[in-house]
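Encoded as structure tokens, here's the structure I'll be asking about.
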Amino acid sequence: MQLPRFAGIPTFMRVPFVQDWRTLDIALAGVPYDGGVTARPGARFGPREIRNMSTMTRPIHHVTRFNPFDVCRIGDVGDVPFSNLYDVELAHADIRQFFAPLFAAGKLPLIAGGDHSITYPVLQAMRPTKPVGLVHIDAHTDTWDTFKGSKFTHGAPFRRAIEAGLIDPHRSIQIGIRGAQGSDEGWRYSQAQGMRVVFIEAFETMGPAAVAAFAREVVGDGPVYLSLDVDALDPVYAPGTGTPEIGGLTTRELLALLRGLDGIAWAGGDVVEVSPPYDVGGNTALAGATLMYEMLCLFASHLSRTRHA
Amino acid sequence: MQLPRFAGIPTFMRVPFVQDWRTLDIALAGVPYDGGVTARPGARFGPREIRNMSTMTRPIHHVTRFNPFDVCRIGDVGDVPFSNLYDVELAHADIRQFFAPLFAAGKLPLIAGGDHSITYPVLQAMRPTKPVGLVHIDAHTDTWDTFKGSKFTHGAPFRRAIEAGLIDPHRSIQIGIRGAQGSDEGWRYSQAQGMRVVFIEAFETMGPAAVAAFAREVVGDGPVYLSLDVDALDPVYAPGTGTPEIGGLTTRELLALLRGLDGIAWAGGDVVEVSPPYDVGGNTALAGATLMYEMLCLFASHLSRTRHA
Amino acid sequence: MQLPRFAGIPTFMRVPFVQDWRTLDIALAGVPYDGGVTARPGARFGPREIRNMSTMTRPIHHVTRFNPFDVCRIGDVGDVPFSNLYDVELAHADIRQFFAPLFAAGKLPLIAGGDHSITYPVLQAMRPTKPVGLVHIDAHTDTWDTFKGSKFTHGAPFRRAIEAGLIDPHRSIQIGIRGAQGSDEGWRYSQAQGMRVVFIEAFETMGPAAVAAFAREVVGDGPVYLSLDVDALDPVYAPGTGTPEIGGLTTRELLALLRGLDGIAWAGGDVVEVSPPYDVGGNTALAGATLMYEMLCLFASHLSRTRHA
Amino acid sequence: MQLPRFAGIPTFMRVPFVQDWRTLDIALAGVPYDGGVTARPGARFGPREIRNMSTMTRPIHHVTRFNPFDVCRIGDVGDVPFSNLYDVELAHADIRQFFAPLFAAGKLPLIAGGDHSITYPVLQAMRPTKPVGLVHIDAHTDTWDTFKGSKFTHGAPFRRAIEAGLIDPHRSIQIGIRGAQGSDEGWRYSQAQGMRVVFIEAFETMGPAAVAAFAREVVGDGPVYLSLDVDALDPVYAPGTGTPEIGGLTTRELLALLRGLDGIAWAGGDVVEVSPPYDVGGNTALAGATLMYEMLCLFASHLSRTRHA
Amino acid sequence: MQLPRFAGIPTFMRVPFVQDWRTLDIALAGVPYDGGVTARPGARFGPREIRNMSTMTRPIHHVTRFNPFDVCRIGDVGDVPFSNLYDVELAHADIRQFFAPLFAAGKLPLIAGGDHSITYPVLQAMRPTKPVGLVHIDAHTDTWDTFKGSKFTHGAPFRRAIEAGLIDPHRSIQIGIRGAQGSDEGWRYSQAQGMRVVFIEAFETMGPAAVAAFAREVVGDGPVYLSLDVDALDPVYAPGTGTPEIGGLTTRELLALLRGLDGIAWAGGDVVEVSPPYDVGGNTALAGATLMYEMLCLFASHLSRTRHA
Amino acid sequence: MQLPRFAGIPTFMRVPFVQDWRTLDIALAGVPYDGGVTARPGARFGPREIRNMSTMTRPIHHVTRFNPFDVCRIGDVGDVPFSNLYDVELAHADIRQFFAPLFAAGKLPLIAGGDHSITYPVLQAMRPTKPVGLVHIDAHTDTWDTFKGSKFTHGAPFRRAIEAGLIDPHRSIQIGIRGAQGSDEGWRYSQAQGMRVVFIEAFETMGPAAVAAFAREVVGDGPVYLSLDVDALDPVYAPGTGTPEIGGLTTRELLALLRGLDGIAWAGGDVVEVSPPYDVGGNTALAGATLMYEMLCLFASHLSRTRHA
């Protein structure tokens, strides 16, 4: 990171590219796949542009002075090498196969998508002994069912994950939800299963600190997955995404929310739905990269606590 | 609306294109005219891009679960077919002629402009038996007088409408006003006539709910026209407009404001000044389309109440 | 077409939207599908933007003074209504099912894609009694085999069509081919099958008139399909496409080439690979719309001759 | 012009801003008006962006080593100060009034538009004792009649000028014409009046040198006006324009054409239809500025010859 | 300022270009220099684009109805004419030499940068008899030391100014600070010297009015320099800048902050780091121009008070 | 190169990143430096975007079926690690120091700039025993002298190289020269020194094959450096550059020219002046990457011949 920001080959945050992840604590990985979108594609280029913009990030946090690189071994393990791209389920199998050994070895993956459909195979790869908790920040609950012939689109991962016993809906919270829909089945499914759904109006009333406190309470002490869809942000902050909905979070609110989640026992996480072809000006990728850094701080903080415990 | 968002010919919200509007309750219409602008043109393409981006909207409101299509017959009646484009007053006559029979038949028009000059001929077409109320959301009062030889520019519609007895200034409110001017005559005219002018600083202090309550009180029970200039939004949310002024509304504030206006006896409305050539990234047209949907909910809610009364 | 170019709902060239295509001679149709791309997506928005930009086209050709609308009944039949989007083969079945009755009824379809994978199901829908001729204008031969698990990507349609006996390689010509490849199997397949492959260097040496004459000779008198990938154009003329290759055709060369193809017995055709998210400035969609108009002239000219024969 | 290109207040080619034009030989002027367009607006910003991009131009021509600033007094006289903007005929009167004294004083104006409608009032301001010759480079003949209620749109200036006896059709040539039309009346009018119409296909066959020779022959020895619409260029070279037509001139062809026109007795000229809102990347304004420099060389060369004669 | 916004040669706010600044009270000046940036360049074009967008500003403030042009003589004195551009220290000498006589003559300069490195030579040109106060609004403290061989980058001006005794750290405040860093030395230096550092989180908690009150208290009654880096704004409001950091100020907050600073004894000021090549859509330059107008009101208000005192 | 084009960390053409270059024949390297520009900056991001777009290139040439990776060991050695960025001469020393050991070890570097000033320190690093030949493709001769205090700007590298005896002007050719200048000293210097200067007009008359033959003749049998400034291309093909000049080469002409240079004894080369902030749409970086591939073929062809000799 001694290079000026415009120099060098862009790995995530300019950490070394590491083909053998066994020496790492936290593995930064890309999943360049957007075969599950229902509207605008392009998130297949998300990992590359997040890597590119992550050359603007730096290690020492201005609020906490925490430096995740001081306490953890962190590397870029590259992208999932797909052998199938034209069948959602086979592509998901490639994703599963890439992450399964990482999870099995106790590594913490921090993933840049790709569309939100990738979270389901990632959760499958985790093979949790019991369902994990979920903090899900998004404009959409992504608990819809079948769309145009598939049960595995980016509108469905958390429904599939609940059905498969991968996440515990009672230890799950969905934050930032908004936008008209053609049917209310997704919203109803989430609530019927016991997930806490914090619509944007409630978020605004409560404020990020209170929502974060509520989230910590909901997920409790067990392992938790953190899934962040950039469309949780207002389209002004994240124009480069597939299904923008006006009236969303500001980056300041989202940063405050994330910082309020420190202390949770993180098991992994992702930043998804950055779609560079729609990212006029690059602010979405810049936000994606910076949010990934904030998540890295959360994950490193957790690992650091764990070790000293 | 069963099509994926990227498919199909883009009518407003993908409702049927209806050349015979007699079967409708609410007529969605375009006025592709920008001959009244004083600075940057382009709003002539507003209806087309709002239609285009309205393929991203959906029917069921996430706060109210209200579906306007369940309670009203709604169609896209196309654009005003101009026979004159090079003389503002003759172009305005074309607009008047298009909307007069719709109003006469009791239809509720919801219009996508075009520049703000179009609101004057629309109000003329309404031929109200007594002056109507006005909720006007904008960065500018649009009560200036003559500019470069014309009394009918987009800076003047509400001055002309007051002079013509089409709107009642005492039942009128202007919200979001800001930005330096070369003369203060417009601001003074509005206030001298009895319009309530809520500058952005007052809006911020009061908050959207209080401003909405105040607006409901100002306009009272009679029929009210709702005119929404996208430059009420901060240029970050609406870069695609002709006379941007920094320091404006956020979409969240504007959505809250609109939702707070439910219960008013709407007589028609418009979303104006979306200028696609300046709409880098398309957020302005997306906001315009979504705001039009919110206004559709207000209008359908009003018709629904009226019927049951 | 009396509307100014910025007004009205954008069907292809502003012809009427016709749900019952039985009254037509030539059916303009969209196939908003890009599930077969290997690099950059976005062609799913091709039909919409080509319709949008086709509002700039007009009926009377400046070279021939021919007006296709004088001699044929032409309508916009809308887009293929997909029931499956997440499995290439099922999506192709939707395409096949949409076009099969049109071809069966003797209609001439002129199609806006979508990626090039759509041409294979269109040719299947044609169900020719014997293999048809092909004029294929493209940077790539699209006769590659399997990629990442699928035999039906946009790199493979003509290989599949030859295998299925839908096109006659000896009556087929591929024009504009260029760009390095990871393997030479596609080029070799085309030539081994007897297709004439006119690389860009040969095109430049011969000139468009001679290439057109050669193409007419190759395809002979029988029915011929015309498939035009906009990446045949240099990326300067067509930046909005999935796999750009520098050093391509100019629009003037392509217009001259197409005009030189008059007299062929056209059985249908397509303009594919217009990818609006990459179409900075809109020139690709403008070119796509204008080229579609030129193809319409070719098709109408053919129908006109046929009738008088 | 000692400033680096990014510094200083952008007058045309960074010549001094001169409010008293009496000391000049050639007056560079802007006409920021686009009220005559039929499709896309924006040319009102043409003078500003051409001035901006003209900071990239320099004085010594690389082919001739001619420096127009060595032989003529050249200044930027600013923009026409409009008193009327909302009635085409009144706006044209403002233009006429601005240029009439310049022409009367024997100054040579070199004008940046604005849309092409401005050429008619400029020619009126010239008040030639007998009709002047015309070299008109454009995709359109601009000899159409009434459109949407006006006889003074940008499609009509040369028809009006012929009717008014301002230009001599037998000493007029139109170069680069192309693009389908809704009616062929403009093309027929031009040819019926005796103008030479060089369609793009003929231009390509003849080449720029031969076309230039033909133009010199057509216009003969008398005074000639040079009107250059940037849409003569292919939309790839000039995306920022109101009515782009694919298949146009390259800049190299246009530069060769202009250089071939040296020796004509120039009476004035314009570069019109640069529309910055559509000029993604700025190439149109750069071309406009450079072409204006080439025209300046032609005009200065003429004045230089005249003096020495 | 009677011209429409799209007309005329763009000086700052369309005031006259004044080569002899002796008649002025406030001198608007440009410093087109970006040789001190550490990441993305482009601010050399800042003065030109701020001038361009300043044609959208007007004189009468909508909150105060104050018109700075009524009480002060204001002119555009052009850009620093650099004789050296390739050595930061020599370029800084050019800046110093340009502003020294203005300060010496008691003129108040209001400057558009350029990168933030220019503030150091401007402060040197001021040659204050004792260190001045500083209101510095920015995402970064710019009190870092050497970077890649230079002590004069845009990360260092306030460190150099403190070392040189040009500003009094105890009368200095830095507002809006945020963003991770590779080292915390800059933050520590500022605080160790006694500057008040208001990080964004504190700003949000306090609100703009309280921060403004605190700033007034910190700087006290003596002369104060106001330095505004547009990256204080969130990158959504100011994408066109060199080192964007998400989670920044909104324009509404910044306007409120500036307005709260009225009453301070201003000695000069700048708006820096507007980088047009990154300013997709132009909102940064629009904000820059409008903020410069707000600063002009502050400066004119101060001069007005001084005179009447 | 088995990854889809959107996946993986972008090294040049996706070759391995190699920190120890001793195992290579050809070293692909980046020089992210633009401190020598005279107009628009941004080329510091050239290496990154060329790497990014080079993911679209492939190994087998469509004309020759040559695969450079079959005959040479090729790796990406990363970017010059600058220790000084704010003094042109010190930055040049960093460049010299990076390349000197590569040249000394007989490696062939193929470099992505960066502005054209970098070529001088690269030639210094080469330390040729006698002056090398030069093929220089550019819009400008880059043989100007001092500008704004520096003799080492991007307008001067070849003047400095001749003075230093690094290149032999009699074995040097400059191709594509055009564009007005403020002085003719550069053109005169080149010609006075004996360099062959092929202006664009001569290029067009001769054609690329004849120019290539002439170049081969000029440079003869000894070692030759190939320097390619993307502004040789017309700004339509290369908008993303610092000093665009209209009327330039097409990519087809440039490809033909390069292919015609096969057989020369290459000693190294560069592609410079790709400026991503100005590269709307990415065509310049795509062209840069593809041209670098063509140069790689030339270099590998040379090495292959040398070995078999």
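Some notes on this structure:
Chains: A, B, C, D, E and F, in written order; residue numbering restarts at 1 for each.
Definition applied: a contact is a pair of C-beta atoms (placed from the backbone, for glycine too) under 8 Å apart; a residue touches a chain by one contact, two chains touch by 3 or more.
For reference, the UniProt names are A, B, C, D, E, F = Agmatinase.
Since we're looking at a predicted model, the values are computed, not measured.
Counting the residue numbers that touch the partner chain, chain A and chain E have less than half of them in common. For chain C, the chain with the farthest CA centroid is E. With centres defined as mean CA coordinates, chain E is found 38 Å away from chain B.
For this pair, chain B with chain F, the centres built from the Cα atoms lie 56 Å apart. Residues of chain D found to touch two or more other chains are 4, 6, 40, 44-45, 82, 85, 148, 236, 278, 280-281. Listed by chain label, the pairs that touch are A-B, A-C, A-E, A-F, B-C, B-D, B-E, C-D, C-F, D-E, D-F, E-F. Every residue of chain C that touches chain F in the complex is listed here, in rising order: 38-40, 148, 177-184, 187, 199-201, 204, 234-236, 239, 243-248, 278, 280-281. Those residues of chain F lying in contact with chain A across their complex are 2-4, 6-11, 17, 30, 32, 44-45, 47-48, 51-52, 76, 78-82, 85. Residues 1, 4-6, 56-63, 65, 236-237, 250-252, 255, 280-283, 286-287, 290, 293 of chain B touch chain A in their complex. Every residue of chain A that touches chain C in the complex is listed here, in rising order: 34-36, 40-42, 44-45, 82-88, 90, 147-150, 152-153, 277-278.
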